[in-house]
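Two complexes, one shared chain (chain A), two partners (chain B, chain C).
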Partner chain A sequence: MSRINRARIVDGDQTTAASLNDRFDDFTQANEVDQFNLRDSAVDLPQFKKSPKFQAPFVQTDVLGKSDMLHAAPVSVGATGSTPYSSPHVIQDGAANPTIASYGASGLTLSAGEVLRIYWSLSVRADLTNSPWDDGFQFNAIAGTGGGGNTDVSTSAGCFVAWLQWDVTSNGLTNWTEVPGQSDFKTTLGSFHGSSLQLCQATTVIPLWSYWLRNLNNGDSSAGTSVETKAAGWRGISGAWHYEALGTPTIFGLRVVLLGVMHPRRISAGAANTLVLDVGPAADVDLEYTGGRLVTFVNRMK
Partner chain B sequence: MKHWTQRETLAGGTVSPDSVQDEMTSAQSSMTALDRSQLPAACVDATRLKDYATHRVYSEIPWNTTGEQAAVVDTTTPLNNFAAFTYQKYSSGWVTVATTTLTAFKGGHLLAEWSGNAYVYPASTQVLLANVESVPRYVRLRILVAGRVLVECLGPASHEAFRVFGAGIFEQGDLSVEAQVRLTDTTYDDIVQDTTPEPVCQAHVYSMRFLAIGRWR
Partner chain C sequence: MAYAKPNTFSDGTTLVAASVQGNVDALRIYLHNGIVQADLLNSKWIDTRHIQPPRYDAVQGVQHGVTGYQGGQWKGNLVNMSFVTSFTSGVGRDSHTGDWRRVPNTSFDVDIRRNAKILLHWSLEVEGGPDDVPAVTGRTPAIGDRYAYFAPYIGTVGGAGRSIYDAQEVKNNGDGFNGTTPFGPDRPYTTLNGYGRRTGVLAAERNAGTRTTIGLCSWSEIDRSAVVNWSIGLEIWYL
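Entry: the complex of A and B
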């Protein structure tokens, strides 16, 4: 302990060299400025270095998609008609230029004890024709006692998926792979291709439609009911993903890709939940999008 | 601002107890009570701080082993449904679908976010006997911290992504965190099974991730 604690000088004390030196030595002992000698508020914002930032050492915002607030001419993505698919749609600016986050020639190197946080948004709309809810395996037969008999009632689970890819190889940005914890939806699952839900950690699901029955009576799909459907209109979707650095990976780029139409599927009773590509509705489904943002944060964990 | 010097010693001056005493007291006072005005600006960086001195980030990805809720799982649903919430298995109320502990939270500001994907079966939205235009179906979401609601929202109403976040001031300690969901309650008229008959999946939550930042400076 280095707190200075020496009796006061009072009348009658002798002023000697030793007594004065002792008092001055009090201020020269090792570690005199320690936790006892700093007030509780001694360290505050002015004392923190601004560069390099150590709580959030890196922040970057990039534009995604096409800047088109009025949705005058959105980018359109057709649903995939064959499985497995060849390549997903990369979010672009409407002129076939991919919109990605690029971290420069030397990339963004994460250190141990840092967490990468990615947040992105996009304006999207389902563009539907005919009745995609009746295609593929988008429905279940529900009992009906009315004139229509049993009805194929859509699960409304048909969706597009958006997920993150990164390039951790070079600034050439030609080696895109799925981020950790994320599948490419090409895994063979019985007669389908998709991904277990466990490997959808960087996936954002985009709804396509809602299907419901008006005046549904006691679960009967046809007695006095009528089918109502609604395509998913313009809406803001978003994604959030984070990654605790293992080792010191260098990231050169990051992008968002799209694929659809996906639907829940289990390959057998008791098997894991998955999302697989359903090519049935492909001819009737497009996804339109305009603009958004992708924000990259790096935070120190401690 | 504190005084570093009380007096200036002059040649021929007299030495009194106070002339030494005041100087010592002044210096001691300054030395034993350094505050922000006496410390240089920008002198603190990560190398000068102990771990978790100013903040701590808590991360769970996936949250809950696979990222899927496992609280209510009906494995007898049709194969094109999730094995998840059915009204045969889920009765009512809030269900905890993921938990974690914010170890050694020092007390202060907490930001917590829970993100993932959710699915709701909307086919029974406009039933006959509800006597209302519609009964929208939602997966309501909320985060509890130390048993108290940090944030609660209506939640998704279709098959879509969600991100729920909130902030508050919390006491120090190992804080428990619970993610909970609550479905819109069923009505007499709902579709609960197909023609097989197999229970129809009403909802699911998956791809769950959790991130929290505690700040105490």
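Entry: the complex of A and C
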């Protein structure tokens, strides 16, 4: 069993080609990586310090939206009134400037064995008028057992969706596409447009309202049943997405986009659980947002 | 595949740094993912403790090794809550630049041994209010517009260590209390407005040799909010 036990280079030693070759050749023999050569010397990746950093080669923090923590004048996004929609809303600063992650002229190139980790957050609020829970297909008719007859009960499942897009073409940032595993919600699903849940891997769902009934007696709504609702108030939402590169993609930008009003739907033709666009409540629903954060982190995993 | 140095040196040839660095880089890759069975001694000679000599801090819930820190804490249930309050932060103020307060028990003190990249993952669920005390001069905003804000910080809860872009709101249960039985909040405090997990990630970089505090802080307009549960997870990657 060999052991690498070569003395250190000290002041006054002459460095020769042979001595340099010997130092690297020390690692070329079979059975030599053992407790002496590796374990006891505590060889570890951080010992090989270089730039870019090896285990965590990249981190970048970007702001999303508008700096307006107390909601003085938030950014407002109207619900979409046609399907399929033309383009989603890009998170912006309130002055029509998109707030995105940009990775510079050279972009961010992922190497084999690296994982791209994206985390984001945003403060949002549902801004509702009239009764969007009665529009489109936002409700189910519930059969009553008493004298009150049937009641249309909102599913409270109406929502906006936020998802990630990236540009892997150029730093001109004009070629945005959905990140892998994510749909653009334009797929034709029966008579609707949306996405199967399997392709919502970079999606965050943003609920819009709560709907409940008071004084409903075993399904009998005749005894003064009243509908109460509440729009979803300001709160933080967040999303996360991980991607292990198959090749060596170069990413020039990444952004969060919004679309609504969506509703879950079972599409029997495709036997798929989906989120589809419901244009019925469009006139009654806005989504407001203020500020948030977008974190890009790259890890080397192997 | 055994290690084979990419550059061989010859007498009389200029020694350039790139050649030496190339051999070191190749060695780094070999040690990381190029070692095959034939390179290893055919008997057990290494255990986990040799790969990453561990130091586990049970109080902070983190493990420190040669590659950095990892670990985290969580706490919470309805009989073991933390609280935040407007009486020490946001009462009647129209500015959120000051008066942020640490959320009890949610902070780490960590010694950074090498230059590092840091990720703090956090989450919490909060019951805001009910706070139905009418707004008066010096006690604003209106009942329905009161929020408790939560944000991560590193180093200081002041502006240098915290950003309002990271802040996330929890809404006051502004419907007040029911006047008859069952006594309690008058309207459902739903998962949309109140309960419901808030999560975020803070990214930062710190140099070697620094002691850093990292955790959660709050600025509140609600008289009393209970942090029902919280969690913080820490990744510190030495570079």
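Basically, the second predicted complex is superposed on the first by the 240 of 302 C-alpha atoms of A that agree within 3 Å, B and C clash if a C-alpha of one lies under 4 Å from a C-alpha of the other, contacts with A are read in each partner's own complex, and residues count from 1 in each chain.
Just so we're on the same page, a residue touches a chain if its C-beta (ideal position, glycine included) is under 8 Å from a C-beta of that chain, and two chains touch if they have at least 3 such contacts.
Remember, predicted model here, so these are calculated numbers, not experimental data.
Asker: With the two structures laid over each other on chain A, which partner does A:N21 touch: chain B (first), chain C (second), both, or neither?
Answerer: A:N21 contacts chain C only, not chain B.
Asker: Quick check for you: in the superposed arrangement, does A:Q55 touch first (chain B), second (chain C), both or neither?
Answerer: both
Asker: When the two structures are laid over each other on chain A, which of chain B and chain C touches more residues of chain A?
Answerer: B
Asker: I'd like to know which partner A:S121 touches here: chain B for first, chain C for second, both or neither.
Answerer: A:S121 sits against chain C, while chain B stays out of touch.
Asker: Would you check which partner chain A:V77 touches, where first means chain B only, second means chain C only, and both and neither mean what they say?
Answerer: Neither chain B nor chain C is touched by A:V77.
Asker: Once chain A of both complexes is superposed, is A:I100 in touch with chain B (first), chain C (second), both, or neither?
Answerer: It touches nothing on chain B or chain C.
Asker: May I ask you to decide whether A:S238 touches chain B, chain C, both, or neither, giving the answer as first, second, both or neither?
Answerer: both
Asker: After superposition on the shared chain, which partner residues are touched by A:V285: those of chain B (first), chain C (second), both, or neither?
Answerer: neither
Asker: Quick one: is A:L259 in contact with chain B, with chain C, with both, or with neither? Answer first, second, both or neither.
Answerer: neither
Asker: Could you say whether A:M69 touches chain B, chain C, both of them, or neither, answering first, second, both or neither?
Answerer: second
Asker: Going by the contact definition given at the top, which residues of chain A touch chain B in one complex and chain C in the other?
Answerer: The overlap between the chain B and chain C interfaces on chain A comprises residues 15, 20, 27, 32-33, 38-39, 42-44, 46, 48-50, 54-55, 207, 210, 212, 228, 232, 238, 240, 299, 302.
Asker: Under the stated contact criterion, what part of chain C meets chain A in this complex?
Answerer: So the residues of chain C in touch with chain A come to 2-5, 8-11, 13, 15, 20-21, 23-25, 27-28, 30-33, 35, 38-42, 45-46, 50-53, 66-67, 94, 96, 114, 117, 119, 121, 145, 147, 149-150, 163-171, 187-188, 190-193, 196, 198-203, 205, 237-239.
Asker: Within their complex, state which residues of chain A touch chain C.
Answerer: Spelled out, the residues of chain A in touch with chain C are 1, 15-18, 20-21, 24-25, 27-35, 38-40, 42-46, 48-50, 53-56, 59-61, 63-65, 67, 69-71, 113, 119, 121, 123, 207-210, 212, 228, 230, 232-236, 238, 240, 291-293, 295, 297, 299, 302.
Asker: Tell me, which parts of chain B touch chain A in their complex?
Answerer: Residue positions touching the partner: 15, 17, 20-21, 24, 27-28, 31-36, 39-46, 51-52, 54-57, 59, 61-62, 66-68, 75-76, 78-84, 113, 115, 117, 119, 121-129, 157-161, 163, 188-195, 197, 200-201, 204, 206-207, 209, 211, 213, 217.
Asker: Show me the residue ranges of chain A that touch chain B in the complex, using the header's touch definition.
Answerer: Going by the criterion above, the answer is residues 3-4, 8-11, 13, 15, 20, 23, 26-27, 32-33, 36-39, 41-44, 46-50, 52, 54-55, 115, 117, 137-138, 140-143, 150, 153-159, 181, 196-198, 200-201, 203-207, 210-219, 221, 224, 228, 232, 237-244, 263-270, 273, 299-302.
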